[in-house]
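Which chain is which? They are A, B, C, D and E, in the order written, and residues in each are numbered from 1.
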Amino acid sequence: MSTTFTAAGRLARNPHVGYAVFGAALMTLPVLAGSGLMMTSTLMTVGFTLIYAIVAMGLNLLLGYSGLISLGTAGFMGLGAYLAAYVQDDLGLGFWVAVLAALVIPTVIGILVGVVSLRVRSIYLAIATLTISEILLKTFEQAEWFTHGTAGKQSHYPVILGVQADRALVFGIIVVALVLVMMLTHNIVHGQLGRALHAMRASEVAAQAMGVNVLTYKLFAFAVATLYAGLAGALYLFFLKSSYPSTWNLFLSLNVVAMVVVGGLRSIYGTVVGAFVIFAVPELVLKRLPVIGDVAGLPYIFSGVLIIVVIMFFPQGLRGVWDVGRRMASTRRPVSAPVDAARDEVAAR
Amino acid sequence: MTDVLQVENLSISFGGLKALDDLSFTVSDHEIFGLIGPNGAGKTTVFNCVTQFYRPDTGTVWFAPGVDRLVRAGHAGTDRIDLVGQPVHRVIRYGLVRTFQNVEIIPELTVLDNVLIGGHVDFRSSMIAQMLRLPRARAEEAQYREKAREALRFLSIEHLADQLAGGQPYGVRKRLEMARTLMAEPRLIILDEPAAGLNESETEDLADTIRRIRDTFGCSVLLVEHDMGLVMDVCDQICAISFGKFLASGTPVEIQRDVRVHEAYLGERDDA
Amino acid sequence: AGGAAADTGTGDGSSSAATDDGSGGKVQGITDTEVLIANSAATSGAYAPVGVPFIAGIQGYLDMVNKDGGVDGRTITFLHTDDEFDPAKGAAALTKFIEDDKVFAIVGHFGTPVVAATVDTLKESGIPSVYFATGIGQLYAEDATTDAEGANLFPVQPLYRTEGGIMAAYAAGKFGATKIGIIYTNDDAGSDLEKGAVSQITSMDGVDYVEEQVAAGAADVSAAVTSIKNADVDFVIIAAIQGTMPTIVKELAAQGVGKDAITSYVNVSSAMSDAVSADIQGKFDLYGPGWVDYSTDTAQASLADFQANVDSQYANNVYAQTGWIAASFFVEGLKRLEGKEVTWDSYKAAMEEAPIQNPFGGTIDYSNGQRKGTQQMSLSKVVPVSDANPVGWEPVEPLQSIDALLGK
Amino acid sequence: MPDTALSIRGLVIRYGAVEAVRGVDLDVPQGHVVALLGANGAGKTSTLRAISGLSPVAAGSISYEGRDITHLDAEKVTRLGIAQSPEGRQVFADLTVEENLRTGAFTVRSKAQVASSFDRCYRYFPRLAERRSQLAYTLSGGELQMLAIARALMASPRLLLLDEPSLGLAPLVVQDIFRILAEIRAEGTTVLIVEQNALQTLKIADYAYVLATGRNHLEGPAADLIQDHALVEAYLGSGGKHPEKNTKETP
Amino acid sequence: MYALAALGIILVWRTSLVMHFAQGSMGMFSGTAVAFVLNRTGAPLWASVLVGAAVAIALGFAVDFAVIRRLRRATAVGKEIVTLGLIMVFLGLAPILFGTEPMLLPKAIPDGALTIGDAYLSYNGLLNICLGVAIAAGLFVMLQKTKIGLAIRATASNEQTARLMGIPTRRVTVLAWAAAGVLGMLAAVMIAPATTVTPTFMNTVQVTALFACVLGGFQTFYGPVLGAYLIAVAGNFLQLYVSSVWGEQLLYLLILLFLLVRPNGLVGKTYLKKV
C-alpha cells in the first residue's frame, strides 16, 4: 500500500505526468461539446487559445529565457499556416507532409533570418523581426499562387492516416501538440540548454566567459520559437480551414507577447493561462457579461483594460498568483520576492 | 615548460587613451600571481585582453594549458596557443576561467544551477538528446549536479545550493562565482578584485580559499586586488603596472620595498 | 463537388420546399412567434466605422418590421457579436450561431477575412445566408444547385470583380477611354477590383491599361501617381476603398494629372466627396458607380423609412443603408412564405422564386442558381455640396449592366 | 551634545518575506562623522537606502533635523540636503563623467556654487577631470567609485551618506578618501559612512554603530571601539559567513 | 509626419525605456479629437489643434498617472504590453466618443506648391518638413544643453538613481508622455488632410515610425528624423522605379540589411557592457 503510494507520489511529482494529465483533461472538452454540456463554439475558442499557447510558448522561451524580443511571431505563424495549406491542398501531399513543411520551412527561414537579425540587440531586434514579419505579410498579400492573396486561402480538415478529421479530431491534435510542446519546453529549460539561455539573458559577457556561444544559443532559441510558430500556424489552418493575410500582423505578434507577459515569463502553465486571458476571456467572459457585453466596442476596450490591470497588479504575470498562493501555503521557502527585486534591477538597467 | 600564461607586448588604446602600453608578464604553473596598480592602470583591461573580451591592438597572449587539454580543444601538436583572436566563448575550453569585478550571476536561478553553468563547455550531450531528455543526457546532468555540489562544498556554501542566487548576500555571491570557475577544470583562474566588499576576517578566509584552490586543482591564479593584505599574503609573484605600463615585478617583499610602487600606488606605509 | 454533399441540400429547392420537412427541409431557429437570425461583425477597433452603422441598419429595418407585427406573426430577433475582424473569432462566432444558438439564418455576414474563413462552413451547414458585407470571389456562382456550390448563399452587395468590370466598361463605353490607368490598393477590395477591371479591359478591343499598386491605408501614394501621370493615360480607375481613395485623389489633383477618374461604389458617400471635392474642383471629375438608385419613388420612400428608423447620426451613412438592404432582402424571403411552412429549403426556394427588389433601386435575380450579387450599376459624380445635393454626388447614369454599357 | 541631524527609531525593512532590517536605532549628531559597520548582509545598505527613500520602510521612523522623512520620496529627501553615494556606484552609464557630476548638482540652484563644486571634485579626483568627457560605462572600477563619491559631493549636502566608499580604490586613493572626509567634516558636513574597512573608518569617525543580522549590536564612540578592537572583530567577523545561521544572536 | 511620430516614440523610449506601441493610436485619438472639434463646432483649424494638444496632453497625463506610474515593478516588456492594452483602449474609445463617421481635416496651407525641376512640393509639405526638422532640432538642443534635458537622460539611464539625485523623475516621465502625445497629434493632423480620419489612419505611421527609429538609431533625436525622411524618399523611389508591388518589401529588406551593417542605426553608437 505504502509503496504504491510513494510510487504514485513520485509519478504525481513528475512534471511530464502533469502535462499529460492536463492534456487528458482538455481531451474531455470535445466530449462535453458533443454531448451538449458545453457550447461547441467554446470548443473552437479553446482550440484557438491552445494554438496561441503553442506560439506563446516559443516566444516565452525566447523572451523569458533568452531575453530576446521578437515581433515577428505573426509572420512565421502565417507562413506555417500558408505552407500547410499549400502542401495539403495545392500539392495534395497530405497531412504529415504539410505539418512537416510548416515545421521545417519557417524554422529554416527563421534561422537564416536569425543569423542576420541576432546581431542587433534588444529594441533593434524587436523591430528587425517586425520588418521580417511585415515582409512576410506583404508577401502573403501578393504571392497569389501561394496564398490566394487578399481573397484568403481556403483549406479543409485534413485526412490523417486515412481518417477524415473533423473539428473534434483536429482539437485533439491541437491538444497533443500542446502537450508535446510543453514537455519539450520543460526539457529545454530544465537542463543545460535552459541554463545557458538563462546565463545569456542575465549577462551576455558572463555567459560567454562560461563558454556559451551566444550566437548559437540565440539562434537555438529563435529556431525553437519559429518552430512552435510554424506548428501553431499549421494547426490554426487545420482548425479554421482558412488563412487570411491581414491576420498575420503586428497586432497578433503583440498579442502573443501579451500572452507571455500576462501569463508570466518563464512559466509553462502560465503561458497557457496567458493565452486564455488574452484570447478566450474576451470571447467567453467579457462579451457575455451584461452591460459590457451589450455595447459594441466595450468588450474590446475591456480586453485592453484587462491586460493593463493584470500587468499592474501582477507585474510578474498571473504566474505570480500561483507563487503567492504557494508561499502562503508553505512559508518555508520565501524565495521569490528577492528575486523579483533583483529582476527589477535587471530590468531597470 | 612551467609557464601557463605569457603575456607579451600587449597594447590597446581607446580613442586617444593608451590603456595598455607594451605590457609583458608571465604566470607560472601552480603560481598565484598578483597584478596591482592604481585605479585605471589597466588591470581589468589586461584581463579583458587575455579573455578576448577586447582585441588587443598588438601583442600575444600565450596560453599553455597542457597537451591533453589542447588536444581536447582541437589543437593537437602544440604545447601552447595564442589566445588572441579566439572567440570569447572558446577561451574557457582551454581551462582559462574568470570572475568579474562586478559579480555576474543569474539571480533567477538557484545557487546550484548557477554553478552548473560553469560546466557548460564540458557538457557532452547534444541539444537533441537534452531536448528529448534521453537517458544519456539525464545521467550526465546528474553527474554534473554532483560535481557542482562538490564545488559548493569546497567553498562551504553547499547548504545554500537550492536557494535562489538573487537574494544571497554579496559574500555568498562571490563564493558562488568562484565555485563556478571550479566546474571548468581550470588551469588558470582569473580573479578581479575578489576581496572587494569583504571584511577583514572574510578576506582571510578568501586567502585560504585561493590557496586551497591552487593546491587542490593544481591550477594557477591570476589576481587583481587593491587589498594589499590579501595580495601580500597569498601571491607568489606580483606585477605592478601604472598607466598601462610595466612598473615593477617580484615577490611581495620585493614589491613592498619598491619605491616606484609606493609612489604610484601604495602611498604611506601604514596599511598592509 | 456536388455529389458528395448532395445530401445536405436538395437541389434547386422548387421540388422540395413545401412538402419535404423530414430529411431535406431542415429548420431551426424559428417558432410560431419568432425568427432568430444572427451575424458577427467587427464593431470595435479599426473596423468599427463600418461595422457599427451596418449593424444599426440591419437592426433598424428589423425594428420597423417588428413594430408592424413581424412577418406572419413572427418577430425577428437579431443576435450579433463582435468578431474584431479576426477570422478565428468570426469562425467561433458562426459556430455559436449555427450550432449553439441554432439560428434560422445568417444575415449580413461581414468582412473578407471572416467570410473567407467561414464560407465553407456556411455551405456545409446549408444555412440560408443573406447578404455578405464583402465582395470576395468565393461567393460568386453562376448556377449553384447544391449548398456545396453555394445555393444557400445570397450575395447582394456587388462583388468587387463584377464592379471592376463595370468600372472598366464605363471608362471605355461612356468616356471612350483607350488607355486606362489603374491605381489599386493591395487589399482584397483593391486587387479584386483590379482583376475585374483588367479582365474586362483585356476583353475589349483597342483599350490599353497601366497599373500601379499602393498599400491599403498608405499615406503617401505620390510614386504611384507619378507613374500613372507619366504613362499619359486618358482615364483613371481608383480601385481603393476607405481612407486610401481620398489619398489617391488628392495626389492626382496635386500632381495635376487632370484626367477623369472613377472609383468604387463603396466610396460614394458624402464623407468621401467632402474629402475630395475641394481638391478636384475645376481639375477633373470623379465618378463612382452605384448599385442603388435614389431617383425612384420607391427608393425615396425607403430612404424616408430608413431615416425614420435608424439613429439620426447614420442618416447619410452608406454602411447603415447596406445593413438596411441586407435585412430587407432577408425579410423579403420570409414574406414570400407567409402562410406557408418555413424551412431552410422553402426559404431558399422563395428567394429564387422571383427577382428581389432592392429598397434603394435595382433588383437581383437568384433564379436558376445565379449568385452574382448586383449586376447593374449606376454612375454619379462628385459635385459641391448644396441644398439640392446634400450628399455631394450627382447622378449621371441610371443602373446599367456591362452589356448595356458596351452597347451589346 | 550637538543637535541631532538624523535620527532613526525601530527601523524595519522587508523584501518580500526577507526581513533585512529588524529594528535599528541610530542617531547622527550634526557635524559628526558616524560609522555604520557590520558583516555582509547585516542591513547597512538597506538602512542607508531607507534614509534616502529608496527602500520600503515596513515599520519605524526616520527623522532629519526634526522632520519626519520616513516615507518621503527619494527626490524630496535629496532636496533636504541629503546626498548618497550608493552601493554599486549606480552611475548613469551612458552619460559622460561631467554630465554625471552635473546630475549630482541637480538640486543646486546657484551656478556659482555648481562651478565651485566642480572645482572641488576635480581637485579631489584629478583622474575624473582627465576623463570628464568619457562615457561613464567605460571607466575603470575605481574611477567609477570616485565618480559616485564626487557626484554625491556635487550636491553640497548637509548630510552625506557613503556606502562603502573605499570599495575598489587603490590604497593611495583610499587614504585620499579618508583625508577628504576629514576635510568635509571640517566644513561642517554631517557624514554617515558604511565601510568594511573598519579600522581606518573608526580612526576618522566620532561614533560608530555595529549592526548584525539587521539589529543594533554594539555602539560607542569610535575611539572606544578601536580600543575594543577584539570585540569589533568578533562581531564583524562572525556575521558574514553564514548569516542565516546566526539568528539566535539578539542584543 | 513619420518623423514626428518617430520623435514621440523616441522621447518615451529615452525617458522610460518603453517601446511606445500606442504612439500611433494616441495620435489617432487626439487627431480624431481635432477633427471632431473642427467638424462639429466649425472652429478654425488652429483652435482645433489647440484643443487636440490639450487632449493629447491630458491623455499623456492620464496614461502616466493611471498606468505607467503604477508599473514600477513591471518589466520593460510588461510596460510595452501595457501600451498594447492602450492601443485597444484608444481604438475602442475613439468610435464610441467621436462617432463612426470618417472625418476630414484640411491642410494648414490649402494650396500652392514649389516646383523644382520635375519634382514638386506643396507648401503644406514644406511646412511639414520644416516643422519636423525644427521640432527635432529643438528637442536635440533641449536634451543636450538644458537641465531638463539632463534630467530626462538621467531618468532614462537609471530612474532610481535619478531620484536619488533629486530629479523629479515622475514629472519628467509625465512630461515625456504628454510631449509624445502632442507630437503624435501633430503627426496625425499633418497626415489627416491626405486621407480621412478613421481609427486606422495612423497604422502605417506607427510602423513606419518604428522603422525610422531603428534606421536612425534610438540614441539621438535627429537620427529618427533622418530615418523617417530616408524611408519616405527611398520608399517612393523604389515604388516608382522598381516595382509598385514589391517596392515596400524591398524597402524593408534594405532596412534589415542596413541593420546588419550598422546594428545601432545610422547615428547610433555601440553600447558595450564593460566588465
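Convention: a residue touches a chain if its C-beta (ideal position, glycine included) is under 8 Å from a C-beta of that chain, and two chains touch if they have at least 3 such contacts.
For each chain, UniProt lists the protein as follows: A = Branched-chain amino acid ABC transporter permease; B, D = ABC transporter ATP-binding protein.
Model, not experiment: these values are computed from the prediction.
The chains that touch chain B as well as chain E are A, D. Distance from chain B peaks, on a Cα-centroid basis, for C. Look at where the CA atoms of chain B average out and do the same for chain C: the two points lie 74 Å apart. Centre-to-centre spacing of chain D and chain E amounts to 42 Å, using the average Cα coordinate of each chain.
One simple way to say how far apart two chains are is to compare their mean CA positions; for chain A and chain B this gives 41 Å. Under the contact definition stated at the top, the residues of chain B that touch 2 or more other chains are 44, 53, 100-102, 104, 167. Counting partner chains per residue, chain C has residues 44-45, 48, 52, 186 touching two or more of them.
Shared interface positions of chain D, defined as residues touching 2 or more other chains, are 15, 18, 138. Across the interface of their complex, chain A is touched by residues 43-45, 48, 51-52, 55, 81-82, 84-89, 91-93, 95-96, 99-100, 112-113, 116-121, 136-138, 186-188, 190-192 of chain C.
Those residues of chain A that touch chain C in the shared complex are 39-41, 44-45, 48, 138, 141-142, 149-154, 156, 236, 240-244, 246-247, 283, 287, 296-301.
Put simply, chain D touches chain B in their complex at residues 15, 18, 39-41, 88, 127, 131, 138-143, 145-146, 164, 167-175, 196, 198, 200, 233, 236-238, 240-243.
Contact residues of chain E toward chain A in the complex are 13, 19, 21, 67, 70-82, 84-89, 91-93, 95-96, 158-160, 207, 210-211, 213-214, 218, 245-246, 248-249, 252-253, 255-257, 259-260, 263-265, 273, 275.
Residues of chain C that touch chain E in their complex: 44-46, 48-50, 52-53, 186, 212-215, 217-220, 222-224, 226-227, 242-244, 246-247, 250-251, 254-255, 271-272, 274-275, 278, 313, 317.
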